[in-house]
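In structure tokens below, several structures.
Two complexes are shown next, each including subunit A; its partner changes from subunit B in the first to subunit C in the second.
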Partner chain A sequence: MPYIPVTGEQQEDMLHKLGVVSVEELFEDLPKRLRYPKLDLSAGISESEVLRELSALAATNANADDYRWFLGAGAYNHFIPAVVPALASRGEFLTAYTPYQPEVSQGTLQAAFEYQSMIAALTGMDAVNASHYDGATALAEAVLMSLRGTSEDKRLVLLPEGLHPEYRAVLELYLSAFDVELRTYRGRPADAAAEKTTNTGLTAVVACYPDFYGRIPDLSGAAEAIHEAEALFIVAADPIMLGLLKSPGAWGADIVTAEGQSLGNELAYGGPYLGIMATTNALVRRMPGRIVGEARDAEGRRGFALTLVAREQHIRREKAVSNICSNQGLAMLRSCIYLATMGKTGLRRAAELCWHRAHYAAKRIDALPGFTVEEGAFFKEFIVRTPIDAEILAERLYERKMVPGLPLSRYFSDRRKELLVCVTELNTREDIDDLVESLREESK
Partner chain B sequence: MIHPDIPLLKDLSVPGRIGASLPRLDVEETPIPPQLLRDSLTLPEMDELSVVRHFTLLSQRNYSIDGQFYPLGSCTMKYNPKMNEAAASLTGFRRTHPLSPERISRGAIDLLYKLQRSLEAITGFSAVSLQPAAGAQGELTGVFMIRDYHRRRGENRRTRILIPDSAHGTNPASCTMAGLIAQTIPSNTSGGVDLDALRAACAEEGGKTLAGLMITNPSTLGLFECNIEEIVRIVHEAGGLVYGDGANMNALVGVLRPADLGFDVMHFNLHKTFSTPHGGGGPGAGAVGAAPSLSDYLPGPLAAMSSEGPTFTVPKHSIGRMKVFNGNFGVLVRAYAYILMLGADGLRRVAEGAVLNANYLRALVEHAYPVAYGEGRRSMHEFVSTGIPNVHTLDVAKRLIDYGFHPPTIYFPLIVKEALMIEPTETESKETLDAFAKALLSIAEEARSNPELLLAAPHDTPVGRLDETAAARKPILCYR
Partner chain C sequence: MKLDTEARYAKSHEWVRKDGAEYVCGISDHAQHSLGDIVFVDLPKIGASFDAGSSFGVVESVKAASDLYLPIGGKIIATNAALADNPDLVNKDCYGEGWIIRVAPTDANKAGAEWNNLLTSDDYEKIAEED
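Moving on to the complex of A and B:
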């Protein structure tokens, strides 16, 4: 086998050194009756056979290269410059461990520091951690963070009605150990926070920027109203949109979370993705996750190391701010390379393309007989009301090698005639025109 | 050798440069409300080659499995086959959307289903969820399941989870996040669970508050817990459930199914045992297996097989969702490729090779590096030394860097004061083990004759030992 280099002859020598005749003797502490069970697993096959089998499985999946793709809903088909996979797949990054030994991990550490710096700039915040599992767990941990250090009577978290249903599910599970009410609000977060009579014990108000339906909420006055209630303002943002629009920090957020998949990570059927978390200097010691900081050696040379570790599980055990250990380091590295490559101009241009093409698509679809697009400010995603069942319509478009969006019935059984359409910088005018034409023809 | 600083991205930025080429705008513009526009954005402005050089230079400042031996105890830093990368980058996996309709993503669901079945076969559990993103998230999943099991039976008072003092920090931290109380139980003189202490802890508060036990086997000392079946029986008889921490599964794969020991729930680190790369800290995958007692509580959805082909299903009493979508799918593809290639026989050879290598390496160095609790017993996939006289374990670790080896895990488990935890894995050759042993022995000699050499190590890295205390006091977390 190519992954086990010890030869039969060497094994004999090694066993001899150990004073045993068989490898099984090394397992003498294991209950004898349980040793060497017959596994219901096929015999091994060769590399070419493995890849043939997996290629056959992969070939049955619709993919965003072969289909015109208008489905987002939390995972987005954005451009990934070729340098991102080329650099991130270097073995020195790919096969390194967590940088607990900084002298031999300066590559990973400096990249993490640069990632933290660029995300701080993008979100308008002071400090950033080196990743969570995904956007949903980052948001859940942000809400947990808002509970930390608060008094017992802090028991209310306000969540927007447009929160991604799967994020909502993750939040409910992560918060299930705490006596906290998760209450849904509609409309402006400033107004929700100002409802003093019903908001006893308000801990945090979450806003999605934009929400699951692509809608950009009015965040004006939110930070003031939320801080007035002595609660924290948490914003879950789209990082591509932040290349163009006002940062959550500028809106007064205390904690910002985001799904970083859009920043150079593949769709990959749902993962690995990147949970982004950023906060203010005042809250950094309550933030979970690994953080990289600048440090000096005895000769004054600059280096980078994991810092503020007194928050973490390997030091504080049951008193740690979170149990997180392994994170999404490689996804973070990909986002770091992505941001360096796209830079200030590239990220803005991608966001502008999303904005203009999505609005172009929305206008054209809205003009189709029987179709309407919900009004209001949106970014790259919008709800389309369809004349016929959206799932049936979508099914017809699959035959044309087109995935027109997410039928909302996937999450809400009573919303049969709504389609969530997503347009990014990878959808050309031709694609959009084709989509419009197909919707018209297939909805008759 | 001189190691100049690698400039930060901000210092490489030159206004007017761009590293990416984007399509031209081909539709009419829609005005953006001015009150929504951001004023400025400070991101680097670089050409593509500058980006490539920067990250290439950075990568060269890392140790990695591809370059160096990484005997990092409890982390199973085995070789990450390149075949896995080829599998994960197939277009039909890489470019498939997680909400793609089932009818046009059967292959992806089928892969999840086949991996679930393979892990069930390997571990003996009746059902497996692939959703958790990492070992710690798998643990949290498991303790949520234990909590909900008791709650469903109306036993809300069962909130105490017993954890041996040799456990990973994630065990007690996961309990806290699940609203349970982590209670430490001491190890006995041979490093195993102290049975009397276990019985006493189970019986506390009339025996009505025990939720369960979290146990790592082989333990973090690299020793198989010989009393494991007795331990499981004690906890079960007290009404508790047993969580198995699968961090050390590399010692058992193909040789023993952990479910046969009586565990109710357990996670497996696919990024350890099943060869997926660590990526400088992640992503991992912490698949969770459950015995019939808990399989209805697994997070959903799970992949399943219907008459129409692969589909999804949600367990009857599912705890809910740990993560969006389908787990760290790219990691799952890699692990499945590895299992396919090795098959049952290959996996058995993994554990055998891991245990053989660990015991051989131990035999080469134990006269100089005494083994904690291991007297007269075989180690499993790793061993823990108590260190050497005259210097601290940290100094040994740093000196190993001068010899071109990544340091082992140090100061863990906490019950061994100067712990040096060595796990060679099965993918290292006898030549590498011999060379590493030689380095360790020569360091032991240096510790006697010239300890200053160790105290000042490492000598030829881009930076020396960093002042982490000062860095934490006045943290600099971003460049400005």
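Moving on to the complex of A and C:
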């Protein structure tokens, strides 16, 4: 039996609906030379030769283990206890794909249930799903949740000016087929939501906690003003920071999303990362993704099974709450083990270290001639105004095996002299002093 | 099968009844019976507008989840708040306490035409019996 479930007739039908006559035409936008490139492969080399070549290539990368690392901007260098990869790589967890049948998968289901329970406690929310691809897609799904049951025209979502530019791009893509305006606001979310005259059809207000620039927004009055406007209050949070600061749930959020990479997942270009999503009991049936619930079997023993599945695509097909609902089982498992290992106190200590070290670094950098740190409340990341072009400065520090942060020109061509610096519990005081000294010397 | 003779019906099993210039809408006895015990009704936002035939919500039972389609286009002016805690009202009294939404038509003439295109209780009964 061929594993191709599409008949010629169905293919014709799909092409017809798309308004093209052939598959060839469908890929017309790709340059012809890239469509079916000839692969010019050599005859082959031995395994040891391959290893040597790949190791040499890998050695040209800068990585967080060999460099002193002050780069964040969405992916964070936090400590991962050895127990996390040791447990997560056990064959019982690693080998099975989408193992949700309760009769054979109690271990996986229990891990998902415990992950959900710990994230619920951390975010201050009622219900959590078994994860999304990453923080950006979780936020996009949260915005989609706010559109359900609203008119199909005149819908408005308010996004903070400090939203990660890549999150913004993902949101625009996810919402491209919907009639929704994505409008940027500055300042407090409470004030943005209260602009009644311009907010026709408001369905959601997003706040970043903290934002891309590390700034912690003032969330006071936000929930009241947003609910007054009959919209949903969505908070995209840093999960490590939640170990220390007031939870989004306590701020009155309706949906909380987060990038879960910080919780026990490696820094990796392209992921896999972890999309965290939590909501209230009132909205749980609008939440996409899998939810694992606690149950009793016929003999009264505690067990776990998927629950509220009527929202999902294997039941509702194209009418499902979301059809992009694969979770990140292994990344979720690592976060579960990480949270269980750290505990409430451990996570708080890690967050406190980030806070104190980041504030120590900011204070010292701000004292350097020509450097200023942007004022305002921050957690572990902050903007530094540099006396010379930040990209040039960063290049010079790479030579010293140090990554000083993200030059903002990467996303904003007019912001040439700004560096986004991130300090975590892994940056020692010695590292920070070295960074400060290097910035001083290389900016002359 | 219970029927409300004053109501008109959609082939997708919603009923709608005139109430002054407004319309009240729910699902038929045949629909609630086919779905089984209803555990959740996803209601639209009050003030939202939909065209006739658009999906405005979902009824979820222990067996299935089905979309609700609006028989008369207009603005949702009320939803049955009692369904949040007691979704089984739809099973117990689908034409009364189990109503779902109240609609104010955007265009009275258009609504009149939409009403005329809906099935009478006699015609609906025939369709439902074959279902």
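Simple rule for what comes next: the second predicted complex is superposed on the first by the 385 of 444 C-alpha atoms of A that agree within 3 Å, B and C clash if a C-alpha of one lies under 4 Å from a C-alpha of the other, contacts with A are read in each partner's own complex, and residues count from 1 in each chain.
The rule we apply is simple: a residue touches a chain if its C-beta (ideal position, glycine included) is under 8 Å from a C-beta of that chain, and two chains touch if they have at least 3 such contacts.
From a predicted model like this one, the values you see are computed outputs, not experimental measurements.
Engineer: Between subunit B and subunit C, which one contacts more residues of subunit A in the superposed model?
Structural biologist: Looking at subunit B versus subunit C, the one contacting more residues of subunit A is B.
Engineer: With both complexes overlaid on chain A, does A:Ile315 touch subunit B (first), subunit C (second), both or neither?
Structural biologist: Both partners, subunit B and subunit C.
Engineer: Go through the superposed model and pick first if A:Thr372 touches only subunit B, second if only subunit C, both, or neither.
Structural biologist: The answer is neither, since A:Thr372 touches no partner chain.
Engineer: Per the contact definition in the header, classify A:Ser151: touching subunit B only (first), subunit C only (second), both, or neither.
Structural biologist: second
Engineer: If you stack the two complexes on chain A, which partner ends up touching A:Ala62: first (subunit B), second (subunit C), both, or neither?
Structural biologist: A:Ala62 sits against subunit B, while subunit C stays out of touch.
Engineer: Pick one for A:Glu230: touches subunit B only (first), subunit C only (second), both, or neither.
Structural biologist: The second partner, subunit C, only.
Engineer: What is the contact status of A:Thr280 with respect to subunit B (first) and subunit C (second): first, second, both, or neither?
Structural biologist: neither
Engineer: Check subunit A for residues that touch subunit B in one structure and subunit C in the other, and list them.
Structural biologist: 310, 315-316, 319
Engineer: Can you check the complex and tell me which residues of subunit A touch subunit C?
Structural biologist: 148-153, 230, 285-286, 310-311, 315-316, 319
Engineer: Spell out the residues on subunit C that touch subunit A in their complex, using ranges where they run on.
Structural biologist: These residues of subunit C touch subunit A: 40, 42-50, 54-58, 60, 64-65, 67.
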